[in-house]
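Consider the two complexes below, in which subunit A is the common component and subunit B and subunit C are the respective partners.
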Partner chain A sequence: MIERMSFPFHPFVLPFLIGMSFVLIYCLYGIVKILVQLTRDERRRFLLSLIKPSTAWKNIKDIFLNCLLHVKLWKRNRMLGFMHSSIAFGWFMIIVLGHVEVMLFLPDRVHLLYYPIFFNFFVAETESTIGGAVLFFLMDFFLLVILTGIVLAMVKRVRSRIFGMRRTTRASFLDTVGLYSLWAIFPLRLLSESFTAHISGGSFLTVPMNWIFRQFLGNDLYYLPTWWAYSIALGIFMAVLPFTRYMHIPAEMMLIPMRNAGLRIMHPRKGFARVQVLSCPGCGVCIDACPMSARKENLKDCTVYLNRQIRRGNEPRIEEISDKCLLCGKCTEVCQVGVDGPALRLAQRSMRKYGINQHYNIIDPEGYIGALGSAKVLYFAGCMTHLTPGIKKSVLSVLDKAGVRYSVMDPDGGLCCGRPMMMAGRWEQTRELIRLNTSIIKASGCDTLLLSCPICYRIFAQKYRLDGIRVVHHSVFFNELSRQGRLAVKRDPELRLAYHDPCELGRGCGIYDEPREAVSAAGVLVEGEKNREESICCGGSLGSITLSYEKRRDITLKSLMNMKAGSPDAIITACPLCSSTFGHYSDIPVKDIAELLDSKS
Partner chain B sequence: MENKDQILVIGGGVAGMEAARQLKSLGFKPILVEKGPALGGHVASWNRLFPDMTPVRKVLDPLTSSLEGVEVLLDTTVESVSRSQREYTVVLTRGRVIKCPAIIIATGFKLFEARKKEEYGYGIYDRVITNKDLENWFNTGEDGRVPDRPSAVGFVHCVGSRDIKAGNQQCSKVCCITAIKQAIEVKERFPQAEVYCFYMDLRLFGKKYEDFYINAQRDCGIHFIRGRVSEVAELIDGRVQVKAEDTLSGRPVKVKLDLLVLMSGIVCNPANNHLASELSVPLDEDGFLRSRDNIFSVTESDRPGVFFAGTCTGPKTIPETLSEARGAALGVYNYLKGKK
Partner chain C sequence: MDFGFNLSPSSAVELDKVDTSLFRELCRIEPGARTCIGCGSCSATCTASEHSGMSVRKLLLSLQRGKMRDVEKMLTCCMLCGKCTMVCPRGINTRRIILTVCRLYENVEGRI
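== the complex of A and B ==
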């Protein structure tokens, strides 16, 4: 391989060079800005995690698997997975191989940014390289892989349903510019390399194309404009990248290490939140997933649009979307990047200033402590279980039947668990409630705290520090009682029961199997069409501050329809709020797992 | 018998009975269809009626006797309806087919299922009953849930009405006065008992209603507490404890009761859905049938020859229902006179 030109530069590389430099400077500036926005503690944690071998290895693995191979996407839809990984991984390989070529053949040109990209323009093939055509073959191979991906991407524009997507986002103007320049890059690269293949060499793709072109093109006048076009396409893509959804490519490489470092979203716009927002690829998978998509007018209230509005700085819409969300967490579950939509919204809610700030200092925990018994199992019913007395009665009845000694923490109403305040973004109030409840629970001398409401369970399990006291949801506890034989459950093999995963218990706490096992002990378990991680919110969630009851109706009906896919005789859930929300509209019985087990034992 | 004199009246409550009676005296041949085993509808399960404490029999007996000669089909519902230019052909259950030029719909309402307001504990606690259960107890004296000598009885207004959460935004109109009537009746039977009414606001619009309210407070000493009940809990001795907010004094209240009566509201009859789609008459957002106009043509539908009477178009009192039934019968008369 020898250089064709005496001077290793040609003006056509300028568009690429300008675009590339712009992106690099932009990203560098962004990284510094985000690091500055982190708190001192967060920054230390993040930087330390980068050099710690275990997290560093995890970072590399995650970036490779998610950003290049898109394994999560493959699991969702093979076509979608192939399309994305062929473009990302193929492009990555072409860049790597380009550098390998330069290092092998022209090691003194390694410092030139554009050499690996436009390698075939600057070199002429010699006898020595024809023998080692493996590199040329690989270059053509990966170009072909990318082109297949691009063709699939074009098909997807027209028929997104093949890729398992019903609705997708409407691209903004710059997104469209980015998209078309991205599509143009690789066909142009193929053309340019084909035109120069008789000089610089090529493989199974470029050499035959070169031969065909030479049959009717008499001279080499065509190749320079094509290399120009290739460089311009690259330049445009790079120049618009920071302002389009393609920003997710660099941002995700930042998101993964930050998440692995255990950072949390504290401010809705700054630091980690900024990385989350920029990492959104705008694919729109969350549109179909959002329970609010049952209503056409709420289609633009899902996370992809929240991210878009945050990037545009549209404050009224950001507030609207943040307050409306049910916080069911399904968008995060289906998101390929893992953008934490609910956390972004909570942080946004926490920015609001209230005229009145509740204080709970006047509450004396001693008043509650005095009424507690001395049993090792302490049962906290919470407000939702108090509002569904049937469930409370059944919980106590099951405990009695199994011979569990218990005391009730809130026999006559108690303090709030704090989760509703947390969902409203009022962290100060939440902390105060946590403090009060913690002192009551610790004073009781119990070793197990039993909850029958997943809303309470989630905050007790995740935010309270109870030093060794086991926090357990009744679906898990009752399943244990049934397995140990302390609760004799009679199974009815004729009874078909569909189990609905409450958002707070399933996606919120990862509890899916124990309730199913308990339901199977009483009847035949059938699944809703969407279940487990992808179950649909019942519509009753406390998460939404502004969604009115009429509007929730369609969400509930859609979720009910989903639950009835296996034609069950009854719907079983493990949340008093789901149970009462469904109860208003369901034509088949809706019961809590406690009521089911109570009636079958 | 010619088809053109035959008029189908769907629903055998007071609205349907009165409509059939009026049609008969106007010279038509009404056919009264009732889905249940007896005429009288919801009214038949009541004991006494406001505002004059009229016994139900005094209303139903004259209506029943005046229906002599009218064909009444019990345990029958409408299966399908088809319409030709001149008449409706209605297929009933049990294989009966009726051709008629006009139809009066008097399918009435459904009482809200109190079980759906779980927080009030109906069907879960032993001491919680509904307004209908109480009337039944007045009639029969048999209900294990009503204690022999209660010392405190509570009434919860607006159960399932004016409640978007329960899916019903409309006011049921008659429960305020019914609650006061029943509270007075309970006080008459158990003079030693304290009686509480928990209300959002009292809507006492009709003749003599306000007198009832004043009487209840002044002469019977019934306590009126403005505020919705938040939660009902069962005590160990079987009594129930009601938690509410007294919004006038701005304080939470807790009352222990021997009996709690839930004033189940009037909600739309789900049977209307089928009928409405068969006849292509629209439903309102609240699920009731939609009148052509809410001032001038309450008893008329958008379909020629289809008339409404009573609570199938929304909550109403008995006198209002009766006058609508008469209006609907007159509507049929004028409609058919014009066609001759």
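== the complex of A and C ==
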């Protein structure tokens, strides 16, 4: 392998070189800017995590599995996974192998940024070696892999359902430019490498193509324009990259270490949030997942469009999207990158200024403490359970049947747990409510706090510091009682029961199995079409501030349809709000898990 | 001299002079505010009512009567728990009403 030119440069590399330098400078500037925006504590934690061996290894593993192999997409849909990973992994391999080629054959050229990319233009093959043949074969092989991915991407534009997607994102103008230049890069690379294959050598793809073209093209004049076109396509792609969804390629490599370092979104635009927004690949998986997509007019209110509007700085739309969301968390669950849409929205809500700021100084916790019993199990019904008295009655009845001694924290209505305030983005008020409730709970001397509302459960489990007091949801607690034999549940093998995962209990706290086990103890468990991590919000969520209740009807109906996929006799849920919301529209009985166990024991 | 009872101050509201701009702005943002039938379900269930006399029904009424201080006092203990929304027979988005009023108060002069 020798260098064909007297000087290792040709003007055609300029478009690529300019584009590449622009992207590198832009990313470097972006990294510095984001690091500056982090608080001192966050920055320290992030930088330390980079050198800590365990997190560093996790970072490398996650980047390899998620950015290159797209493991999460493979799990979702094989076609979708193949399409994305073939382009990402194939391109990565071509770049790596390009560098290997240069290092092997012309080691003194490896410092030139463009050389590995346009290697075949600059060299002439003098003798064929086995090493060279393997490398050329791999180069052609990965180019073929990418081209398959590109063809699939084109098919996806017209028939997205083959890829398991009903709706895809509507591309913006620059996204389209980026998309077409990306599509153009690899066919152009194939052409240009084929045209020079008789000089530089090639493999199973480029050599036959070279032979075919030389049958009817009389001279070598056509290959320089093709190399130019290849470089220009690369240049355009690089030049628009920071302003398109393709920014996710560099941003995701920053997102993964930051997430592994345990950073959280504190400001809706700065620091970690910025990385999250830039990491959104705009694939549109969240559009189908969003419960609001039951209504056509709400299609553009899902996370992918929130990210786009944040990048554009369209304030009215950002506010609108942030307020409308039900915060069910499904978009984050299905997102292959893991963009935390609900957290972005909460941060946005927390930026608001209010003329009236609630404060609870006048509430005296002593009034509540005085009414407490001394039992070790303290039951907090919560606001929603108070409005569904059947559930409260059943919980107490089950506790009695199992012989559990308990006291009720809010027999005549108590304070709110703080989660609804938190969902409105008002941290200060939330902290105050947490402080009040904590003082009541600690004064009770209990060792277990039992909750029948997942909304309360989530904040008690995740935000309260109760020092050793066990926080437990009634579905988990009753399942334990039934397994220990303290609660005798009669199983009815004829009764088909579908279990609906409440958002706050399932995606919010990761509790999926215990309620199912408890339901199975009373009847035959059937699943909805979408279940567990992908269950559909009932539409009643307190997360949404602006979505009106007649508009939520379609969401509830869609969710009900989903639950009825296994033709159950009743729908069982573990959330008073879900059971009340479903209850309004369902034609089959909707029961809480406590009501079910109470009736069967 | 304390007789154990006294005259209550006049509660007459001169509707011609009342400034209802805040209520109108609220209705523009959340038209549901106009559909309240004053049934009082929200008052009956409110978590904050025993602490600050909160009630969405009263809140809307006070806004229409220009009793801005009453509104502010009521709202100080609201916990946004959403019980009022859950029981409202008209399906009014009461949490949005509360948050909107809290926001609009930024421009109300003479706050407590």
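In the analysis below, the second predicted complex is superposed on the first by the 596 of 601 C-alpha atoms of A that agree within 3 Å, B and C clash if a C-alpha of one lies under 4 Å from a C-alpha of the other, contacts with A are read in each partner's own complex, and residues count from 1 in each chain.
Operating definition for what follows: a residue touches a chain if its C-beta (ideal position, glycine included) is under 8 Å from a C-beta of that chain, and two chains touch if they have at least 3 such contacts.
It should be emphasised that the depicted structure is a prediction, and the values quoted were computed from it without experimental measurement.
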**OP:** Would you mind checking whether subunit B and subunit C clash or fit side by side on subunit A after the superposition?
**Re:** clash
**OP:** Applying the touch criterion given at the start, work out whether A:Gly313 contacts subunit B, subunit C, both or neither, answering first, second, both or neither.
**Re:** neither
**OP:** Examine A:Gln358 and indicate which partner it touches, taking first as subunit B and second as subunit C; both and neither are also allowed.
**Re:** second
**OP:** Classify the contacts of A:His386 with the two partner chains as first (subunit B alone), second (subunit C alone), both, or neither.
**Re:** both
Original post:
First (subunit B), second (subunit C), both or neither: which does A:Gly218 touch?
Top reply: neither
Original post:
Touch check for A:Pro53: first (subunit B), second (subunit C), both, or neither?
Top reply: neither
Original post:
Looking at subunit A, does subunit C or subunit B touch more of its residues?
Top reply: C
Subject >> Which of subunit B and subunit C A:Gly485 touches, first, second, both or neither >> reply: neither
**OP:** Determine, under the contact definition given at the top, whether A:Tyr585 touches first (subunit B), second (subunit C), both, or neither.
**Re:** first
Original post:
For subunit A, which residues belong to both interfaces, subunit B and subunit C?
Top reply: 386-387, 413, 548-550, 580
Original post:
Which of the residues in subunit B come into contact with subunit A in the complex?
Top reply: 116, 118-119, 121, 123-125, 164-167, 231-234, 241, 243
Original post:
Inside the complex, what are the residues of subunit A that reach subunit C?
Top reply: 352-360, 362-363, 383-384, 386-387, 413-416, 418, 420-421, 424, 426, 429, 433, 540, 542, 545-550, 577, 580
**OP:** Could you please specify the touching residues of subunit C with respect to subunit A in the complex?
**Re:** 32, 45, 47, 50-52, 72, 75-83, 85-87, 91-93, 95-96, 99, 101-108, 111
Original post:
Can you list the subunit A residues touching subunit B in their complex?
Top reply: 386-390, 393, 412-413, 548-550, 553, 580, 583-585
